[in-house]
Structures are given as structure tokens and as C-alpha cells.
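For reference, the structures are reproduced in the following blocks.
Note that chain A is present in both complexes that follow, paired respectively with chain B and with chain C.
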Partner chain A sequence: MRIRTTALLLTFLGILVVFNFAHTQNAPEASEKGKEVYEDSCAHCHGVEGRGDGSAAENLLPKPRDFTRGLYKIRSTEAGQLPTDQDLFDIITDGMPGSSMPPWDTALSANDRWEVVAYIKTFYDGFKESENPPKQITLAGKIPYAEQSVETGKDLYVELGCVECHGNVGRGDGTSAPTLEDSWGFQTWPANLTQGWNYRGGADTEDIFKRFIGGIAGSPMPAFEGDSFLNFGLTTEESKRLIELENKDEMTEAEEEESGKFYEKMDAAVDIALTIKEGGEVSAADIQTYNDAMKVVYEKSWHLANYVKSLMPAKRPEPAIGNNVLRSQYVQDALPPIDDAAWETFEAKYFPLVGQVVIEPRQFNPTIDGVHVRSFYNDTEVAFLFIWDDRTQTTGDETDETTGKPLEDALAVQFPVKVPQGPTAPKPYFLWGGRLPVYLWHWKASAPEQVTEFTAKGINNAEVQEAQGELKAQGIYTDGQYKLWVKRALKTDDKKDLQLEPGVFVPIAFSAWDGANGDVDTKRVITSWYTFVLEPVPSSKRFIYPPLIALLSVGFLFGLRAFVQRKNSENA
Partner chain B sequence: MKKLSLFTICLIILVGSWVFLRFVIGGIISVPIPGSVIAMYMGLIVIAILVHISVEDSLFREFRRPILETLVDDKRRLHRRVLVVLIPLLLLGYTYSIIAQRANPPGSPRDAHPSPPLELTYKDEVIGTMQDVVNPFRHYEKDDPEAFKAHVENGRRVYHQNCFYCHGDHLDGQGHFAPYLQPLPANFQDPGIIPNFQESFFFWRIAKGGPGLPAAGTPWDSAMPIWEDHLTKDEIWDVILFLSDYTGYQPRTFGEAH
Partner chain C sequence: MKSYLLASLTVLLACCFVGSVFAADSDAGEVETLIFPEKKYKPMAVNNGGTISGVVKFEGDVPEMKKLEITKDQKVCGAEEKFDESLVVGEGNALKNTIVYLIDVSEGKDFDKKTKLEIDQKGCRFEPHVQIIPLDTRLTMLNSDRVNHNVHIFSVINTPVNKQQTKNRKKMPLAAVKKAEGPVPMKCDIHGWMSAWVAYVPHPYFAVTNEKGEFTLEDVPAGEYKLGYWHEACGTNNEAPAAVTVEAGGTVTQDFTLKLK
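The block that comes next holds the complex of A and B.
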């Protein structure tokens, strides 16, 4: 009896395993169900015919995928190959972080997602025509994350020219960053490699590695293929030697010859790679040459993946919502200047910025992810350090076509003029005030040493204050990142200024503009209200009362013992 | 096995009750219980224990015996030494944690669905009283399913060109801008939203947006735009049809419209 139950259970488990295994491989045949789910949940962006032209597409960038060309960014397959069904399923399940494609893991059942996979494949005939399953990238030779590998990857990052788009330290601020277009001619920004939470297709080292080998189809990101990879056909050492030779001002004859041999070797390898790609005949020796060369490409890609992984924090910083308050730290002496190490001694608060879509003109496709803020204060002044990533430094050389105003990078910090008293007291409207005014600090990239004070009663109703206080500011742009330092007195004589006092919770909000993204006036990125406080110096009572109470309790215990002892002896 | 003393049993009941309230009920079974509620229950349990041990003299003597023993008995010297260190240390830590606690901002109370005005308006035009106004296209659902479908489709378009950034592709309030807005955008898949309000209420919330809320709804925090500035009256009614059609929830009605 028991054996039969066990057998039954095992069979059941077996069926489950087989069933799941089957599902991790292939989608079902396309059906009416898939069409129905697609039209209900996907068509508004990707279009009824899968052309990426749904009603929402107009305002979106990156554009929704056009399924009719079979170009898929995120794949586990080699360059030029179609994605596997599982790849498509995973993208639908996890979404495309940093874009408008959400994860569908809760909104659609796994079955529905598989039906959709089957249905979107019908938009491109290539899926039907290809006889062999797409060739998957092998992860077998993984080089584990280690300092040495990261260093090697860092050198490759420069050698391979990653810097040109992704910038010196990976913030997507390379010189060609603003000029990039995808295969459909739409503008596309290179990834900010320091923001792992925005990586489409995941930020694990394996994910990054797959992007190198498979490329990001339809985008300017190349695949590391034989015919395009730097110094393809040379070993790592040979490649290093060649770069060394080429960096010399003048080569000796012997060196000329040496480099010439390297070039012959490379040309031969590229020829073989092209022949293989086009399906031509190659000898066994050629295949060996090709495989050896590809092995180097794979190795280098792992090093590079490890380097890219080293650029990002483990996860997106937590936004400062609710009780997670921006606290200004008290210092007795002068406030630290912009480059002081003191700023690094505690973690910044992170304020994610979202597109301003309330008032026209609106920003539907923000390029600034958020702003890191730290603050110190002493008995008379308060200083802030704001840090945010922006791929381009724009200082107003170009003007916006519709408004005629200069396009430039900027940041504004917003406080109420008067701190609301009590939890139910009204605050000014979070978009630069309304009936109740807000007090603003407005900094622009064209005047990096200056912060202008504004009073605003609405996003289109801001006025420069007549009396400009003694605000000090310093703004620096390096490698795709702005650092802005601002200092002001806690108290001012101006009634239109916010007066600061330790321990008082003050609403705070931010606006930022990326000139290169067309941000001007209301078109910008914003936050809701958050909270700021000059953190009071902790009460010295904390060193007096607790020991006192501990001491009293010891006294009480001894007293009690003496009392009981006396009673006992009386009774005896 | 040695029989447990009355004092130990009481101690076990006390600690056990706290663990049960804090971690079993407030963790495994349900959401965490507020500290004040736990304190109330613990107070009741302490009173029950006190009542129990003070019913008879013998019980009370039995209860205090281990305490007295620990205080004076030579056999319990070790217990005594441990306790005379442990108790003051615990008190020290507890008082310090209370005094050194950082102040947090006061929470701001917010009514997510405050009362609407009596009259429904679009810009300055009065449409009617909040209770009587119905969606002018709702009747197509029965009278002309084709026309109804066209209105729903138009609502779908309006929604995906304007609303999905915050309220999400799936109308679940999880659009890609949503996580960083306070308050969070409404979730129309929540069964407590659409069935609880008339369509005129939705029209009011859409047309007037965040700034149109009464003070109880903290109009200064909401990122909901004033949609009458961007959308026509018909577009708003269409998008309301789409909200209920997509989610399958019917808005509340007050009998037959005239």
C-alpha cells in the first residue's frame, strides 16, 4: 500500500518535472488565446500588427519593440540569431527595467505569457523558416569575479572603445552618446553602466556577458563577433604586444615586421570567420583557428563583464520615502567644501526623479534617474551636496524650438516658504506651489558658481527674489556626473526665505533638467514632497539617565535582599 | 521530572503570550499587531495572573517562594549574581534606546477618497448634481454594443496615451512612474475602488485631479493632473468606460437613470 502511494507520488512529480521542462523550452502553437491576450495587454504599445506603433508608442522612448523584423535586444543566443522562446518569455515576465515595459509576472498567468510568446512569433516569418533552433551562448568558460579579472576588463574597456559611448567610468557619457540611433532611426542612449537596476535583461555577470557575445540587436551595441572584434585571431599576449607596438612613436624595422605578421594572422582569422558566417566551406584546421580565436573573445568578454559588474552598486539605493528622512549632520566647525572627504563618511539619501507629466509641456521619457543628497550644518550655516548622473553637459548653447529658451542642465531645490505647523496643515502644491508659495534654489549649468533664489506660486509662476541672499554654490561636471555644493545661512532677514531651525521637519522636493533631452521649463524631472531636518545634536541626557536608572535598580535589588533577610531572621 | 514552580509557569505564560502575539499572530498568521495593542493584551494577562495568585494565601506564598529563595538562599548564589548584573544592564540599554531615539516626522493623515462636491462640473460648465449624473455613453452597453465598443476603444487609447505611465498597463497602479510618487496612483484592479463609486465620482477625480481634492485628500501631494485641461468631456467618459470594461468591475449606480 505504502509503496503504491510512493510510486504514485513519484509519477506525479515526474509528470510535473517533465511538464515544466517542456515549458522552459518552447512555446505552444500560436492560438486565438494568444491573440486575445496580446490585444488586451500588449497592442496599445506594440500595435495590433506588432509594428511597435500602438497608441501609446508616440510618446515613448525607447520605442516599444517592432516585432516584424525579428530583432530582439535581450537574447541568450549568439549574434545574428533569433531569441529562444524562453528568452521572449523571460522578457515578458521580468519586463525591461528603465523603460516603459513592465514586468508581467503578476498581471498575466504563465500560460498566458507562453501564449503571447507564440503569438508575437507570428509577426516575423523568420521564426517559421529557421529549421535549427537558435544557437545559444555557452557560459561554460566563466571567469569568476576577481580583482585581477576586473583590472584586465578595465584595460579592455578602453582598448575596445567602450569609452566612446559608455564614457570613462561607464555613466553612458561617451562623446558619441548623444548621436546614437537604433535600427529604426530613433534616438537611443547608451546604458549608464553604474545603474545596474536599469539594465534590460538583468545585471548579473552572465547577463552582461551574453550582451557582449550576442550583441543588443537593433541597437548600436555591437556583438563581439569574429569579423569585428579588436585584434581577432591574436592571443591575449599577442594582442597586448600589438597595442604596445602601435603606441610607439616610431617602430624599428624588426618591430614593423612583427606587427605585419600580427596583421596577417588577424586577416586570415577574419576571413575564416566571415566564411563560416556565410556558410562557406572551411577546413578542419580553419575551424581550429576560428575556435582558438573565439576562445580569446570569450575570455576577454568575461573579464569585461566582471569589470562592468564592478561599476554598479549591488542594488538601487532606497528612496527616502516616509520616515526615511534627509538628515543634516551637525558639525561644530566650518562646513566641509565640495571635495572634502567628510561627505563620504555617511550614506547619501537617494531621491528618484520621475518625468513631469502633469502640466504641458510634459516629459514622458526622463534621462535623469535620481539625485543623491547629503547635508551638514553648524550653528550658523547649512551646506548641501547634490550628486546626479547626466550623460551630457549642456550649458545653453542650443535653444528649444518651441519656447526659444536655452536648453541647459539645471537643478532646483524646493522648500515651503513657511513650514507647515502640525500634521494636517496644508503644504504648498508639490509642483512649485500654488495658493501657498514655495521657496526655491535654482542652479544652472551655465553659471555653475551661482544659485538663484526664487519664490513660486505655481510651476509657471516663479519669480526671482529681489533680495538675493548670500548663497554660495559650486558645480562640477565630470564623467557624466554633476556635483553641486550649496551653502546658506540658517537664518536670513528676507521674509520670503525659509528659516531653518534644528529639529524642525521641513518638506523638500527636487526638479532637474537635462538640456540634451529637451528639458526646459515644465518639461523636466521631479519628485514629490520628501522630508528634511537639521538633525538635533543628541541630548546629553542619554549619558546621565540610563546609568542612573541602572544604579538605582542595583540599589533596589540589594535593598530588597536586605529586607527579606531581616524578615527571615525575625521570623526565625 | 521536577515540577515547575508557579512563578516559572507565570513567567512562561507571560513570555509565551508575548511571543505568540508578536510573532505568531503578528507574523505567521496575520500582519504585525501595533505595539499599543500588544501592550493592552499583556496588561490583561498580567492582571489575570495577579488575580490568580492572590486568590489564596497559599498560592501567593507558593508564587513568591522562588523569588525569596533567589534573593537570600545560598543555593541560588549563581542565579543571584547573574540577575544583579543582567537586570541593571537591560534597564540601561532600554532607557538609552528610548532617550537616544531619533525623532521622526509626524505622519500626515490622508483620506484617499474624500467627499466630492455636490455639483459636477467640467471646467466651469455645470453638468449636474453628483448623485444624478450618469455616464452619457453607458446606455450603449445595452442599446448599441457596437457604439459601446467604439467608446471603450477610444477610452483605451486615451488611457494609454495619458494614464498608463502611473496607473500601469494592467490598470493596477503600477506604471513605471508609480513607485516614486507619494501618494501612490490608484489601483483599479483593487475590488474596493471601482464598485464603490459612481461614474460621476470618477469624472470628478479625473477632471479636477490632485489640486481639486478637498484638504482631507492632501491636494498638495497628489501628482494626478487636472485632466479637464487636456481631455474633452467625452474622452473622460470614454476612459471611465474603459476602466470598468477592462477590469470587469461595475461602478456603483443609484437605481435607473431618468
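The block that comes next holds the complex of A and C.
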């Protein structure tokens, strides 16, 4: 027993050592091998000379990194510092979610990945010139996730101006979002903070903290390090008081003086911070002042990281496949309207959307991640609630340069016209049908209360149905999110419509367009076929017939007994 | 993880399939820079120095200044109309915001330490549009707007700067830099139309033309110099700088006429 414990302890220690070692590892000297691996696996996007201009780069957004300027987004290092070798290795290994950079953990051996790290560094002289290792962000003093911390972080989110780009609730829909460019002049979108699975550098609280303190180099995301932090040099209480004073319409003389003192204190702290950054000399007292100020900055930054963490679901929503199909819930009465609390009573099904890259024009850089769907039905009608994030509301004011068509946000729901009989029966082609036609509901942001019915036999072969059924629709856009409510009768008189029946599994698919991302016609995001069913309710007759039969049986038995008893007494 | 890889590879393959050669925007938009002396500049007392002055004019049809689209914070930013300031031509074709400077100067006067080095953000516009910053000197960013700005300086030789200047922060000094560079663009990502240029320079013989196109370089030690210029839209004379001879206590005039690049 003791031997086993010792062995376990040793293994554990071993893992710790390896773990620690892994985090201090440096790349080898650049070699021919690294060049070979790079040109084989990386140059298609990043270019032979590392300028981010490989043959595949044109269609990618975010663009592949240009390694010649030493600007690396995902770092464990402070603002303005180069990444560590380990940072580069980790990015190659894990890839960058939400971008075209795949993880290379299986495609390249660890050794090859280290060789690539060494080779990439040759593209920027700064790696050679810097004498000191890059300064890493210290993660000590992490404040655990708690409601109070999230609340504090939420205030900071507003005070620091995160809302300008990331929007009121973090969906990347801030008023500056549509005009952002990276350091190379390419368009770039702020992160939708509610979709942790798309964070390029991971969505752990530590990752968020590092992005915040160190900034995202080459992007518009500033570094909130030290001296540029809100009220740098003031304690939390002093900072609160100053904000309070500044929010007053008019300050008394005493208040003016008070705020003036705060500013003096801030200026002094900033001066020390800059002197340190410039490599100048500072006294021990100055260092104390600086450390005190930085402690407040780091504390607040952890609160902010906790708030950002609170914006995303605990785990990425699972796609609605397998047994996880979209089930419409039966209600006896009227179907709930768009803002009814009933929609919140069960979890929505999630349908991830991907860029349509089969037919020209294609969408290689989708901005819509997926659509959440819920449904209710009653004896005559079915209602759906579709929810999806879109950073911008575009209603067709601008037109696409090549097609001349208006650019606008839209959603299409696709069903087959005839439900395939049995699981092996063929479904129509998922891109709006072919030989087998599909039946479509098409909604556009410019007419939010209208859904048009289409029949399509191909992605470029859709026709508006002559007979438009009585579909009801309502679309709302708030804080970077669309909510679309649609209602239709289960049965219609139109032969081109899909007829719905409880218990029948119906293929369903979606298309969506983000006008601000240039989506128009086939340039859009899509899903393949999923399954939808009106969840059959065990008939309410079960509450009538079984008791009735039981009652009749009992009655019959009593009758029989009475009859037999009478017979017996007669016979007696 | 595997599905990510697969999806990404599919995208890659599709891209290669479409495959066309990609021309990086950064190449096309490269801006010519100033020429800095190779030798380290030695400040010294200059007695009876000369003056170089002149006027920079624009030649050609003056394009109408493009009105900037103000997309947010209308109350503060949209109160006055704003125009693209990459080419500001005044009366008599005077060209504003041209840097005129000595290319080959190794010693001369020291920087005037009293000059306040500031760029104001007022009405969501940088003022001045072109700012000369001596090495080892802090530039102070002012925020007269009571809205959030972010100061983004796209340095390549020095460390790029990207700092949020929150609305309550009236003054934000930036760390001094050590290497001569520029001019490099300055932007505010929050208000994408805001644009300025900063140049980090090793000696004080730099001037920026005013709205009359005028510039003056004072206290220049007597000698022969090459006089360079830089303008955002008109480029530089790096290929053929003007030769000037400065006499002790004298004034030499050198005018320039610039065309669009």
C-alpha cells in the first residue's frame, strides 16, 4: 500500500515537473527542418516569407498573421511585449477557434511544432534584438468567480468603454463594431463575448485576463495595462468618489479641490509608471506607489474577467443531432406570443451555421455562429421562435457591388415539400433542393412582420409561391440579437406547402444572411438537414376511456354479482 | 478538436481551389518616411545661426475635401462637419501639414524643452493633424470630448501604442520613445474617421507648415544642408532633396511645389 502511495506521489510530482517544464520551454535554433515544415504546412496561408500573404489568404478573414511585424494577438506577456516561445507553440498546437487557424496537435509532431516556432521567429528581427525574455503577465492574486465580483466587473465594462465595440451585453455589436480595422487595414469584428467557444485564445478567466491586460496586438483591442487604466493610482474608494464627483452637474469649491487632489495623485502615479516603462530611475517609495496602483488595476481586471466569463454559457451548446432533435411542445390553448415567458421554460435547440462554400459566390468568413430554436403547437397551429446573434442590423440600405442586390439580414427555414417516408427515403438536396423540391419560409429584416413562402429546386432556383398562406411573423433586433417568431396552420390547402402532423419526423434546415458581412444570395451561412417533430402528446382520451372501461367493468361485475345473488335467492 | 481541423482544412482546400494570388494591401498603402541622420545628433550652443524659411504650395487641381461620415456619438462628434485632412490646401494653393526638415544635420541646437507636446481630441478630431515629437519626450493626449477615445499609434520600429483614454481622462501622457521613426499614423478605433500622424525625431530641425504653407527652421549652424519634405498625400523628395546653404545670421528661402503622388 505504501509503495503504491509513493509511486502515485512520484508520478504526480513527475507530472508537475513535466508541466512546469513545458511552460518554460524555449524553441530550438531555427533550422532547415523548421523551414521545411513551415513551407509544407503554414506557407499556404502565411506566405513563404511570413507576410500573411499565402495563396489561400485572400478569402480568409481574419487574415492569416503577417509574422514580419512581431505583432501577436494571443500572448501571456504584457502590452508591447513579444510572445514567449511557449505562447507560439500553444497557438500552433491548439489553433485559433473562430478563425481558419486549425489545431496542429495531431497533424504535426511536438518536435515539428517547436521547429516551426523557431522558424517563424526568423521573420521578425525583434526576436533576435531583444535581450531580455518577454515580461509575462502575473496571474497571482486571481479573484475567484462570485456574484459580487461579476457585478463590480460589469460596472467597469461600462466605465472603461468596452461597450463601444463589444456592445451593451457583449455580443460584439457596439456602435464602433462596423468600422474596425486591424493594423494592416483589413476589416475586423470585435469578439462576441457571449460565444466563449470562438475566443481565439481560449475563454478561461485567465485567458480573458491576459487579453485584457496585454491587449490583442495588431487589432483595435487596447491593452488596459497600468497607467492607462481608469483612475490609475487611486484606491477603489477614491476612484468611486471621483466618478461620483464627476457625475455631478456642478461641483462646490470644496469638491473641486477634492477632485483636483485626486488628479494630482493620478498624475504622480502615471509619471512613475511611465518612468519605469521608459527605463528611468525611480525611488523605493515610487516603486511602492506603483505596486499599490498596479494591485488595484489587477484586482479590477480580475473582476472584469469574471464579468466577461459570466456572459457566456458554461459550455458550448450542442448541435441538435441524434436524439437531440427539435421537438415542438404541445399546448392546448393559444400559442405563446414572441415575448411570452413560456419560451424560456425549456432549453432551445442549437443549430450551428457554417459558410456556404459549395456554390459561387461563397462565404468563407461567416459572422453568424448558429440559431437557437424553440417551438410550440396546438391542435391547429405551430409557432417557432428563432434566436440568432448578428453584430449589426442591416435592412437593405446598401447594395452588393457585384449583384446590385440589397444587403440585408435574413433567415430562411427549409422543409421538404413531402416528408420522406422512412429513415432511408431520400431527402431533397440540402442546398435548397434539386430533383426533390423544398418548401421555404423566408424572412427579411426590412419587412420584420412578413414571411414569404417559396418552393425551390436548387439554390438558384427558388420561386415565390403563388398562394401565400397566412403566416404570422414578428422580428425584433436588440443588442446584437435577432428574435423571430413565426406561426402557421398545421394543415393548409396549398399542395406546395408542407403538411404537419404530430409524431412525424420532418427534415428541417436553415440559412441566414448577415448583410453587413456581404451576405447575399448563395453567399450566406447554412446548415444541412436536421430533424423536427411535433412531439406527440399521449392522447387526452387516456383520461376518459380507461376509467370509463374500468367503471363499466366494475358496474358489470356488480350487476353480475347482483344477478347471481338474485338467481341464487330465487333458487333457494 | 478533430472536427475543427477537418472543417478548417475543408475551408483551406476550398480556398486553394478558388486560388488567386493575394496582393497585400499593406504594400500598396506604404507611406514614405522621413530620413534621419545616421550619426547620433549632438546638441550644442548655436551662436549666430541662420534661418531657413519658405512656403509649400500645391500644384494641380485641388480635389474637393471629402466629408467624413460620423457614425457615432453625434452630439459630440457630429456638431461640426468634418473633412478628410490628408490634403488641406489653403488660399493661394498653400499646403498645410507638410513636414520640412534637415536631412543631414549632426549637431546644432537642443530641443526647446518648454514646448508643450500635445494632441487634442476635440469634437472627435485630432489637433494638430501632424505632430513632431522629440525622442525621449512624452506626448500628452488631451481629451476635450467627454467621450471614450482610444489612442492607437501604428509604430513599427518603436512599440505600437493602443490605449483607451476614457471620457474622464482629460490628459494622458504617453511613454517617451527611443528610436527615430515616422511619420506613423495615429487613429482612434472607436471613431474610425479620426486620423493624425506623429513623427519621432532625433533633432529639432523639423517644421510643419501652417495654413499659409509657411515653415521656418531657426538657429541652423552655418553650412550646407539637404532640405527634405514629407506630405501625407504628396509624398517626399527623398530621391532629390533640395540643397541649401545657410550663412551665419542669414536667411535663406526655399519654397516647394508639391503634386499628388
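The criterion applied here is as follows: the second predicted complex is superposed on the first by the 510 of 572 C-alpha atoms of A that agree within 3 Å, B and C clash if a C-alpha of one lies under 4 Å from a C-alpha of the other, contacts with A are read in each partner's own complex, and residues count from 1 in each chain.
Going forward, a residue touches a chain if its C-beta (ideal position, glycine included) is under 8 Å from a C-beta of that chain, and two chains touch if they have at least 3 such contacts.
All figures in this text were calculated on a predicted structure; none of them were measured in a lab.
When the two structures are aligned on the shared chain, A:Lys135 is found in touch with neither chain B nor chain C.
In the overlay built on the shared chain, the residue A:Pro538 is in contact with chain B alone; chain C does not reach it.
Once the two complexes are overlaid on the shared chain, A:Ser528 sits against chain B while remaining clear of chain C.
In the superposition on chain A, contact of A:Gly54 is made with both chain B and chain C. In the superposition on chain A, A:Leu180 makes contact with chain C only, while chain B stays out of contact range. In the superposition on chain A, A:Ile549 makes contact with chain B only, while chain C stays out of contact range. By the touch criterion defined above, A:Lys472 lies against neither chain B nor chain C after alignment on the C-alpha atoms of chain A. Contact with chain B, but none with chain C, is seen for A:Pro428 once the two complexes are overlaid on the shared chain. In the superposition on chain A, contact is made by A:Phe364 with both chain B and chain C. Chain A uses residues 44-45, 54-56, 58-59, 100, 102, 106-107, 354-355, 357, 364 to touch chain B in one structure and chain C in the other.
The touching residues of chain A, when paired with chain B in their complex, are 40-41, 44-45, 54-56, 58-59, 99-100, 102, 104, 106-107, 319, 321, 323, 325, 327, 352-355, 357-360, 364, 422-424, 426-430, 434, 436, 503, 505, 527-529, 531, 533, 535-536, 538-539, 541-542, 545-547, 549-551, 553-554, 557-558, 560-561, 564-565, 568.
Chain B makes touch with chain A in their complex at residues 68, 71-72, 80, 83-84, 87-89, 91-93, 95-96, 99-100, 102-109, 156-157, 159-161, 164-166, 168-170, 172, 174-177, 179-182, 209-211, 215, 218-221, 223-226, 229-230, 246. Contacts from chain C toward chain A in the complex involve residues 1-2, 4-5, 7-12, 14-16, 18-26, 29, 71-73, 136, 138, 148, 150, 152, 154, 156, 159-169, 171-176, 189-193.
In the complex of the two chains, the chain A residues touching chain C come out as 44-45, 51-60, 66, 69, 71, 79-80, 95, 97, 100-103, 105-107, 159-161, 164-165, 175-176, 178-181, 183-186, 215, 217, 220-224, 228, 230-231, 242-243, 246, 267, 270-271, 274, 277-278, 354-355, 357, 362, 364.
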